[in-house]
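Before any comments, here is the structure.
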Amino acid sequence: MTKFTQRVRVAFPDTDTSGRIHFTAMLRYFETAEIEFLRSLGFQYRDARDVVFPRVRVECEYRSAIGFDDEVDIRVAVKRVGSSSYTLEFEAFKEATLAANGSIVVVCVGRPGKAQALPEALRTALVQAASSDDKRADSRIG
Amino acid sequence: MTKFTQRVRVAFPDTDTSGRIHFTAMLRYFETAEIEFLRSLGFQYRDARDVVFPRVRVECEYRSAIGFDDEVDIRVAVKRVGSSSYTLEFEAFKEATLAANGSIVVVCVGRPGKAQALPEALRTALVQAASSDDKRADSRIG
Amino acid sequence: MTKFTQRVRVAFPDTDTSGRIHFTAMLRYFETAEIEFLRSLGFQYRDARDVVFPRVRVECEYRSAIGFDDEVDIRVAVKRVGSSSYTLEFEAFKEATLAANGSIVVVCVGRPGKAQALPEALRTALVQAASSDDKRADSRIG
Amino acid sequence: MTKFTQRVRVAFPDTDTSGRIHFTAMLRYFETAEIEFLRSLGFQYRDARDVVFPRVRVECEYRSAIGFDDEVDIRVAVKRVGSSSYTLEFEAFKEATLAANGSIVVVCVGRPGKAQALPEALRTALVQAASSDDKRADSRIG
């Protein structure tokens, strides 16, 4: 399976008064990694016409603290590709330490609000990413 | 001039690792107060058709610290009403202490991106609010 | 079981270019409801000394779209109370429609970063809330 | 004067239902650029001990629309260096178009909440940056 890694840097508004990131910040990092992962597959959400990609299920486990200015590596993998949805798995590392892991189920929805088939190019790219060898692609962000 | 006061409560993601609110949180509070102020005048952004209301100028001075769970009273006043824009002034109080004050210039823009006349009902309500006596309207939020 | 309901209003920065709320906004609403629920039980996070309450597990299913300015009722219930952690369940309704549901596991952590016993007053209140009859408490926010 | 440019990429939660970024997102981009600018000068906020750096004045003019996934170049310049504060100027470009410009006044505050002298290394670096020739330093982020 293709593994994709996106580096993000923790910003001030990602943290809260506890001195750590707010738990929702990690989910935004997952989404940033997802967008760059799909871009690496040749698909950009910005090019989607007449469809949106809402998340229908999100889960995340938080394992160790992340703080301001930390660099976090988000690994993305395709877990499942359906006809109108897909599931991505995420792991967040601070250096060698697993800080969080989770998954997000994304569904393709036409503007009137009904699930519909994934764009063919996206579906093909995801299936390929899910089945290919572990070629780690790295990228940097934030 | 009509003064409108909106109470907001500081949430965890509004704060950062400094132990205070992130400076952008105050501007979101201003916007919340603006929306409720306009609602009190009979105008709801949600009802706007074919126009959007981007901010073209924002300024804010921060005078004292605000922290998690604090209740902050945001006072709104109309400073200026133009043909396609308006300026609102804001003051944020934590109890009797002025925590911040600022102003926001909002312009009415048609979907193609050109400034256009304010909806007549909104303009009338703002002009009236700007000229009326100081009837303080209170509301609570967040 | 005590059911607690908190009303929140969707703000502009909670939405994104899809025209719906960003998925992380719902989790912030859950947290707002949690804070007000605990306050209704007599416990305020702001009063916690030497401990923080990180989330260690979050999950959410999104069932229908929520948009700008919608009023959303968040219902909170205690699912589990452990010695150093607790699990809360959330349901979000837009009028009679279930828009989302999920759960959050919160752990009590001393400043050095080790799980420790819940404050006794909090634990007692949660156990009582988990076992009491369904007395619905309502509150309004944002 | 040293000009520093930081590239940021617009994320979904930076946008709102208008289809553009929320106005507060631009101010977060300014802060990201500020942090990377100071890092390029050898100063990291994360290393600050016993002081915090609240913003005491912020202003921004918005000149053209920025949307999801746009790449925005934020240019930072030192406008003023005082004994306990400094002012930075920002310009945001989408390709050759000026999308926004503004300034932020930052003050150095000891934990008890009183303004105090800037750390000497930071002050020296800022003064040098303010007076040096226009050596453009580029960086990429997000």
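Assorted remarks:
A, B, C and D are the chain letters, set down in written order, and residue numbers restart from 1 in every chain.
One rule holds for everything that comes next: contacts are C-beta pairs under 8 Å (C-beta built on N, C-alpha and C of every residue); 3 or more make two chains touch, one makes a residue touch a chain.
All of these numbers come straight from a predicted model, not from anything done at the bench.
The chain with its CA mean position farthest from that of subunit D is C.
Comparing chain pairs A-B and A-C, the larger number of C-beta contacts belongs to A-C. Averaged C-alpha coordinates put the centre of subunit A at 34 Å from the centre of subunit B.
Averaging C-alpha coordinates per chain places the centre of subunit A 27 Å away from that of subunit D. Taking the mean of the C-alpha atoms as each chain's centre, subunit A and subunit C sit 24 Å apart. Residues of subunit A in contact with at least two other chains: 12-13, 18-20, 24, 28, 68. The residues of subunit C lying in touch with subunit D in their complex are 12-13, 15-20, 22, 24, 67-68. Interface of subunit A with subunit C (complex): residues 18-20, 23-24, 27-28, 52-63, 65, 113. By the touch rule above, subunit B contacts subunit C in their complex via residues 8-9, 11-13, 28, 31-32, 35, 44-46, 68-69, 140-142.
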